[in-house]
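Please go over the structures that come below.
You will see subunit A twice below: alongside subunit B first, and alongside subunit C after that.
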Partner chain A sequence: MHLWLQVLVNGILQGGILGISALAFSLQWGVMNLINLAHGSFQVLAAYLAVLILQHLGLDPLLAVPLIFLVFFAWGYLVQFFLINRVITSNLFMTLLLTFGMDFVLANLMILFFTADFKSINTPYANSSWQWFGLQFPIVRTLALLFLIVLSVLLWLFLEYSRPGRAIRATSMGMEPARLMGLKIPHVYALTFALSSGLAAIGGVFFGLSNAFSPASGGPLTVGAFVVTILGGAGTSWGPLAGGLILGVLDAVGSVVFGPTYVNVITFGLLLIILVLRPNGVLGRAG
Partner chain B sequence: MLAINNLSTGYGDTQVLWDISLEINEGEIVALIGVNGAGKTTLLKTLMGLNTPWSGNVRFRGQEIGGKDTYYIVKQGLNMTPQGRWLFAGMSVEDNLLTGAYLRRDKEIKQDLARIYGFFPRLGERRHQTAGTLSGGEQQMCALGRSLMSRPALLLLDEMSLGLAPIVVDMLLDLVSEIRRQGTTILLVEQDVEEALRRADRGYVLEGGRIVMSGTSAGLLSDEKLRVAYLGL
Partner chain C sequence: MKKKRDMLLAAGILLIALGIPPLTNDYIVQVGTEMAMYAALAGGWNLIGGLTGYPSFGNVAFFGLGAMLAGALSVNSHWPYWLAAAAAVLGTGIFALLLGLPLLRLKGHYFSIATLALAQATLAVVTNTKFLGAGMGMSLPIVGSPAVFYYAMLAIAVLSALITYLLIHSEYGNTLLAIKSDEVAAQAIGINTVLAKSSAFALSGVLGAMAGVVYALWQSYIDPPTVFEPSITVLMLVMTMMGGAGTVAGPVLGAVLIGILTQLAMEVSQNASSLVLGLGIIAVVLFLPKGILGFRRPGKGGKRRGQSNFPLRG
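Coming up: the complex of A and B.
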């Protein structure tokens, strides 16, 4: 009984990191119909940035989160405005090709600058846990789940009640109508990608704090975000939370029942079942 | 207010409009008449910057707007209620209206919302309802309201009455006269030629992408050729 409770806790907490990552992926997909294959590499890059900030400025990664968010916000804006906007209105294949290329370049630049070795971020709390009713709550993962909840609420408030948020929603529902309202679509898209890059970077910091990573860690991160987005539905504020929790728990339970090597089988099996039974995602619309 | 000179345009290799010249004065209601495929919607889209002119020019209040960004054109005070309405279906009625006021930064947006709900009490009752769940008539009201939220100086109305019940059409067309009285100039594109000309000051007839006839509404309504071709009389 106790073992299973711990497994459940592990799964739920794993959902935090998955969910933050999917918050970004799902926003890009839902608003711009963009499947960003470089998503995972953005996250790994953020983890490396956290390492550099810790080493050179002595600033704890969690305290550096606002700074890292801003750096990736700016970088995301430029990438969308000057690069992705050039192909975003052509077919899906072109955007896949472009983001695949970006992923390739980023991963190799990271190998060049940081070597292909695995790194981890050494903080005093990286491997410690809170104890509660005899259950272990790893500090980093618990904080990640709290962050996910707070970020989901903030994103929802932003999209629902702010002027730029309304512009993003309107654009996601129709590009020509949005243009007719006087919206500058390239800027709306750049803002969307900037925001999601910032969110992806926050997810990347938490990933780096709780896992050893290398420049090749991006791929699995992209796949995870993809599955969570399919589960929760693209372009919703709550989908990533729901999808993250579902996938986290299923992975945790599955790896105990079938063995850790079968986690990917569970992830992709789930993806397949969802695509057949509920192609709009569990919680609503997909892109 | 709006002066179109020898405008030609099309899509891809297909030319749709030939040498269009048309003028609208401040405070007028001008009707644009023509059968399906005559190029009415293309002309409106080109005025709004959703399609690029091939040649000719478009001046709005003395500014050249031909080929400019839609953003710039909307900012100059031009707006369009598109055929098919183009609502943001997943957004609430009120959010649709607010998006219409996107470029405005003044403090009177709330006041204008109330004005729209005054025109259309049904929209007020359903302000938090998703626009996609409205009836056809309500959606048209929402689209018109959304355009008005930008406080346009010149409003292009494309086939407002398409697929709506006669009673709703009457109500919308009556409102067009009221909107003009409150200071918005109107270019009215309508299928119902007689209704449109009865409310307009002047009209233009578009045929095969060219202006083939123009004049005062009364003149057009009594024109033998027009009566045969468009009114079936």
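Coming up: the complex of A and C.
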């Protein structure tokens, strides 16, 4: 009983990191119909940036989160404005291919600069846990879940009530009407991508704090974000939270029941089953 | 007369390709075998991704499954290799046909990601299956010479191009093009789109498996991470896109150009060649969106994008 409670806690906490990652992925998808295959590499890059900041500035990764967010916000804006915007209105496949190419370039640049070896971020609290009710709550993962909840609320408030947030929502409902209302679509898109790059980077820092990572860690992160988004529904503020918790718990329980080598079978099998049963996504409509 | 010129050109290229082993050295034959393999794979991808307009991101599953099945049947069950190869190709074809039925109901992104997941799931299942080596590599007997494998791969590449040519000039090919242009309209005029799409997917799988079974014997050592390497799928689709999706010569042209580029970059370093590939993909998308040969017919290479599928909800 106690073992299962701990497994459940591990799964829920794992959901925090998955959820932050999906928050970014789902925003791009929901607003621009863009699947960013370089998403995972963005996150790994953010983890390396956290390592560099820790080494050279001595700044703790958690305190560096605002700085990393801003760096990736700016970088995301430029990438969308100068690169992705050029193909975003052609067919879907082109944007997939473009982000695939970006992923390749980023992953190989990371190998060039940081080698292909696994790294981890060494902080005093990286492997410690809080003890509540006789259960272990790893500090980083617990904070990640809290961050996810706070970020979900902030994102919802931003999209619901702020002017740029409304512009993003209007654009997601239809590009042409939004344009006719006087919105500058390229900038709205760039802002959306900037925001989600920043969010992805925050998720990357948490990932780096709780896992060893290498330049090749990006692929699984992208697929994880995809599965969570499908589970929770793209373009919703609360979907990533729900999807993250579901996948986190399923993976945790699955790896205890079937063994750790089956985690991939579960994740991908689940993805295939959901897609086949709900061809337009769990919350999607015919289209 | 354009057709006659094309035929002469194809015959000329084939003649040059046939002459490579006797006239050059083993290194070039090796590179040529790889190019022929990718021409075959890209040609197979082109059937589903280029002609039918369903960009698969998981075609490596067929290559990997073909190689692992043939290896296991010959090493573990002691079948003669030709029989193991035939069974592996047939098995993979059926696998593709059956999976195509549910997967090809998916549209746009969903299809692409589902096929990506399919490749990963297949790898995970193969890794956990005892008969297929349970994730360990397999050693096959060393047979043949570089030239034998070169001609075998070349034969599959030619077959792949021939199938594409025959498809494009057949009613079935028109069916696929109709699906690509407007699937709902195709359905409305009575085309059995499910059957047409699934058989194109299966054909694509058969070509992938054929390349896989030859690859297994050629390398004489295979393990799941190598034969299910996702970048093999990337290469297939980049080559096809670069040369021209939906054309007969596009995948071949793409395979040869990328093959030469990769060799040049390899001179610098392994890492550099991957970097060049990535930059090449971005360049193709930005500057050559229709490929060097362009699409055969006017129209678009995928689903229409209007507004997004998901309005942002609170």
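Observations on the structure shown:
We adopt the following convention: the second predicted complex is superposed on the first by the 277 of 287 C-alpha atoms of A that agree within 3 Å, B and C clash if a C-alpha of one lies under 4 Å from a C-alpha of the other, contacts with A are read in each partner's own complex, and residues count from 1 in each chain.
Following the convention adopted for this analysis, contacts are C-beta pairs under 8 Å (C-beta built on N, C-alpha and C of every residue); 3 or more make two chains touch, one makes a residue touch a chain.
On a predicted model such as this, the values are computed, not experimentally measured, just so you know.
After alignment on the shared subunit A, the placement of subunit B and subunit C results in a side-by-side fit free of clashes. Residue contacts after overlaying the shared chain place A:23 against neither subunit B nor subunit C. When the two complexes are overlaid on their common chain A, residue A:64 makes contact with neither subunit B nor subunit C. Judged by the touch definition given at the top, the superposed model places A:174 against both subunit B and subunit C. By the document's definition of touching, of the two partners only subunit C reaches A:86; subunit B does not.
Set against each other, subunit B and subunit C touch different numbers of residues in subunit A, with C touching more. Aligning the two complexes via chain A yields an angle of 90° at the C-alpha centre of subunit A, spanning the centres of subunit B and subunit C, rounded to a multiple of 10.
With chain A used as the common frame, the shortest Cα distance separating subunit B from subunit C works out to 6 Å. Residues 169, 173-174, 176 of subunit A are contacted both by subunit B in one complex and by subunit C in the other.
Within the complex formed with subunit A, the residues of subunit C that make contact are 55, 57, 102-103, 105-110, 112-114, 116-118, 120-121, 123-125, 127-128, 135, 230-231, 234, 237-238, 241, 271, 274-275, 277-282, 284-286, 289, 300-314. Within the complex, the subunit A residues that touch subunit C are 29-33, 35, 83, 86-87, 89-94, 96-98, 100-109, 111-112, 156, 159-160, 168-169, 172-176, 219, 223, 226, 233-237, 261-262, 264-265, 268-269, 271-272, 275-276, 279-281, 283-285, 287. Contact residues of subunit A toward subunit B in the complex are 163, 166-167, 169-170, 173-174, 176-184.
Across the interface of their complex, subunit A is touched by residues 48, 50, 69-71, 74-75, 79-80, 82, 86-91, 95, 98-100, 102-103, 146, 150 of subunit B.
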